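Structures given as structure tokens follow.
Consider the two complexes below, in which subunit A is the common component and subunit B and subunit C are the respective partners.
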Partner chain A sequence: MDVSNKLSFDRTDAVNAGKSVYSLIIVLLIWEIVTQLGMIHYYFLPPLSDILVRFFEMTVDGTLIYHGYLTVRRALVGLVIACTLGIVIGVLTARNRIASWFFDPIIEVGYPVPVIALVPVFLFWFGTGDLSKIVLVAIGCFWPVAINVRNATRDVDENLIWSARMMGTSDRQLLRRVIVPASAPGIISGIQIALPISLIITFVFEMVAGGGGLGHIEIQGVRTFDSVQVYATLIAIMILGFALDRGLRQVRFRLLNWT
Partner chain B sequence: MSYANLRLADVEETVPESIQRPVRFLLEWIPLFIVIGFWEFASGVFVPSVVLPPPSEVASVTWELLVSGDVLPHLQISLFRVGVGLALSISIGVLLGVGMARSDPVEDFFEVFLALIYPIPKAALVPLAILWLGVGTETAVLIVFLACLLPIVLNSYNSARDVDQNLIWSAQMMGMPSWKIPLKVVIPATIPSILTGIRQAIPIAFIALVSAELIASNEGVGFEILRYSEVGAYTHMFAVLVIISAAAFFAVRGYEWLEQKVVRWT
Partner chain C sequence: MVEGHVTISNLEKVYESGAERTKAIDDLSLEVPSGEFLSVVGPSGCGKSTLLYLVAGFLEASSGTMAVDDQSINGPGTDRGVVFQDYALFPWRTVMGNVTYGLEQNGVAKEERRSRAQRFIDMMDLDGFEDKYPKELSGGMKQRVALARTLAYDPKILLMDEPFGALDQPLRELLQDHLLDIWRDLEKTVMFITHDVEEAVYLSERVMIMTRHPGTKKASVEIDVDRSQDREDIIMSDEYTDMKNQVWQSLREETQPEKQL
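Up next, the complex of A and B:
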């Protein structure tokens, strides 16, 4: 984040950058040399150059872009549903005693369930299309969001609420003006925890059930003994994960720059 | 929490002291019974009971599976995988985290790899693990290991960075050789936050385990879930799900209990 503020690039920066990536370059070079010499079976570890060429081909002909779009759509739609429900129920649970009585034990019991194990049953209920994936992502991401929002909202400083009340803030304004802004860091942390979960559920679902998406392409590579495809898809997944993570960090930075 | 306790406490005080604990327990868990009751009612009325088996049936099948011991070998295999994966990631993660925090060359070497692994959802590495290790225990252990590695490395790295410099200076002043300092001073000082890292890693380990077993396994709990659903035995599938959820739940609770018993100096 602080790099973008600095426009000049002097010698110490270059040295630091060299220090932090030299190990990667060494490993990649060894990878390329060892595989070109045929010291490792092609199936286990194809040469890096082959993988990059395939990655380029699959990007240009649109395969990776189309399937990446499918994956991102499923993960993000599910995540948005989970966040909406999780924030509403989390805030309610923290601020309302009846909601707290009702939802607390449910959250305690629901949180540790490995929702990912429901993949086969959702396949049966909703088929192989988008719907089953989105619903399962929404359920899987709901728990971490709800529990983080609940904890953050519960820990809002009571003095803030009393001060606002004393100055005549109404109940409805209190929620919007005081409670939600004060618990925003915790809410966004919950979303940051849920983001990788949404991707994991989407990938596993695509691998088990098919129906397109990067996970499907990747497992297809294993089934057709085409390891280059597995590696090329993995590069796309890495870029995707990185972009989503960075995007969320940017959102956090923009929204919370007052903290 | 304060609101909820207030309310429950009021009710509790109206009953004799001897039954206050069970009453409180019941009051706290009523919502769960409501949900289960609604599920029991809904299955067979709104949705066919084949699709969503009622909880009473799931409970009886769970009991049956546990008593007959059909699921126990699979549970044993799965717990073994989680255990080995976690143990590997703890031993390597703590070494990496502490090493990176205390030595710049180590940090320069490994940081870029961790930064590359970090954005990948670990389940996406299952196909790669199948390429290398085939279908079975090794794949599941590798995925659990990778998934748990980062929380443990991050926690031990951050706290090893923040170790009180006075502790290190004191140790040096008292003549401790420099190679002993990480072992005798830094790691003991970072243990509380390493334990937090492990606490965060346990649920992740179970998610990683089930995803690896769903995609690539011939045994284990994840495989059992997939197999029961393929033959259409959804009641059994839910029963296995209950068992693995309970295992994950008690793993976390048991760990927290152990942490409180063992780590008394914090």
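Up next, the complex of A and C:
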């Protein structure tokens, strides 16, 4: 795989990208026609054009930008906490017998728990504010990060470790010089899996507990029978999720150009 | 005189997993004088790689002693350099980054590192590939990088674990001749593990044949050929063929034990 290949974007790529959106365009057109003809009740599904106009208005007046900021901030702060803890505990669990004895069962049990079920508990404990949301995001994102980091770190090729040791790498240096770089692909995969989870948890929590954010204004749309607002907010969260995921892929591509 | 004299006496290695005990090496004594090129051949599973990793200090002996220049082996050290069959290059480092790694660990200044590494990169015909990552290289090139990486920090002893096993015949021969040149120029002690009799006899001054599981020293054949000749002349000569047959016969007794009975 050549590096230059991946970054360049030539005509065939453009044509292929064009081809791949044809089906999408057809679906959107059918949506617009069907709703304009009144075949579906406006409340269920408003015409796409109405939604786009509202999306534009809500962006220009700053509503979506402000609430989008609240959502992204909660999600990312929680994600960063989860990554910090997940990387440290994941590496420890893989390389240290006592840490493995302690954390392995916890990770096995904790990973499949649907964290959303903890929202009511968190409302008791931490109230409806940012703290509640951030802590829950951190918990929900911790598992995929910790598991991926643990597995990647555990599976580092023994020969690489031996190579490093024969060239004078001490046990203390081994972690930074060999184990972390060798498991970097797995570590970043864990973060990539955790990113959408952080958005899901934030979004759901905002719907339930309010306190601003895109989830809050979406559920507000439902409560005021304003379905156009619901869909406009949906578009905003889709764009945010897509942009963050692409950003992270870029980071991966930069950091792991050797894979 | 070069250093790098290996002494192994009454070495024993037992692998324990749970209640199961598997004896890999049984009462093996061996002397590798400094500067010697010794090959070790044996049936698969005879513990020849285990022997190498014991000398490297990666594994701990169950009993017996191992020493380099009268210093007891106690873990890996920069007096010994291993070349692995699967190269074991650091994939996140470039060719230059891999070759300078050992020098970096031993506190050599940056400029000095690069110039020393460059010497071995050139020696291995890798110039122009300094900034490539291992994934961009072929198997033969990766093995040359691995060899350059090990030579760069100047170990007295090269421990090679079937280094050319994954390469095709012409490439293997090319690297064999390359290795011989290096061995002559740099005066290293070499312990070379292989299952290929031809390779062992062609490369070495002495070939040790190991018994089947658990492995110990079975026989040792001195390979006395005039190495100033070309490969063809060496391989075609009667004495070479005799020595090769001797090793082959000895190894065959181990791989086909039922015929012995």
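Some notes on this structure:
Note that the second predicted complex is superposed on the first by the 241 of 259 C-alpha atoms of A that agree within 3 Å, B and C clash if a C-alpha of one lies under 4 Å from a C-alpha of the other, contacts with A are read in each partner's own complex, and residues count from 1 in each chain.
One rule holds for everything that comes next: contacts are C-beta pairs under 8 Å (C-beta built on N, C-alpha and C of every residue); 3 or more make two chains touch, one makes a residue touch a chain.
The model shown is predicted, which means the values in this text are computed figures rather than measured ones.
By the touch criterion defined above, A:114 reaches subunit B but does not reach subunit C. When both complexes are overlaid on chain A, the residue A:234 reaches subunit B alone and has no touch with subunit C.
In the superposed model, A:182 makes contact with subunit C only, not with subunit B. Looking at the shared chain after the overlay, A:55 reaches neither subunit B nor subunit C.
When subunit B and subunit C are set side by side, the one touching more residues of subunit A is B.
Of the two partner chains placed around the shared chain by superposition, neither subunit B nor subunit C is touched by A:142. Overlaid on A, the two complexes show subunit B and subunit C touching no common residue of subunit A.
Of all residues in subunit A, only 1, 157, 159-160, 162-169, 173, 178, 181-182, 184, 257-259 touch subunit C in the complex they form. If you check the complex, the residues on subunit B that touch subunit A are 1, 3-4, 6-8, 28-29, 31-32, 34-35, 51, 108-113, 116, 118-128, 130-132, 203, 206-207, 209-211, 214-215, 221-222, 225-226, 228-230, 234, 237-238, 240-241, 244-245, 248-249, 252.
For subunit A in complex with subunit B, the touching residues are 19-24, 27, 43-44, 96-97, 100-106, 109, 112-114, 116-121, 123-125, 154, 196-197, 199-200, 203-204, 207-208, 214-215, 218-219, 221-222, 227, 230-231, 234, 237-238, 241-242, 244-245. Those residues of subunit C that touch subunit A in the complex are listed here as 53, 56-58, 75-78, 80-82, 84, 86, 88-93, 101-102, 105-106, 133-135, 149, 153.
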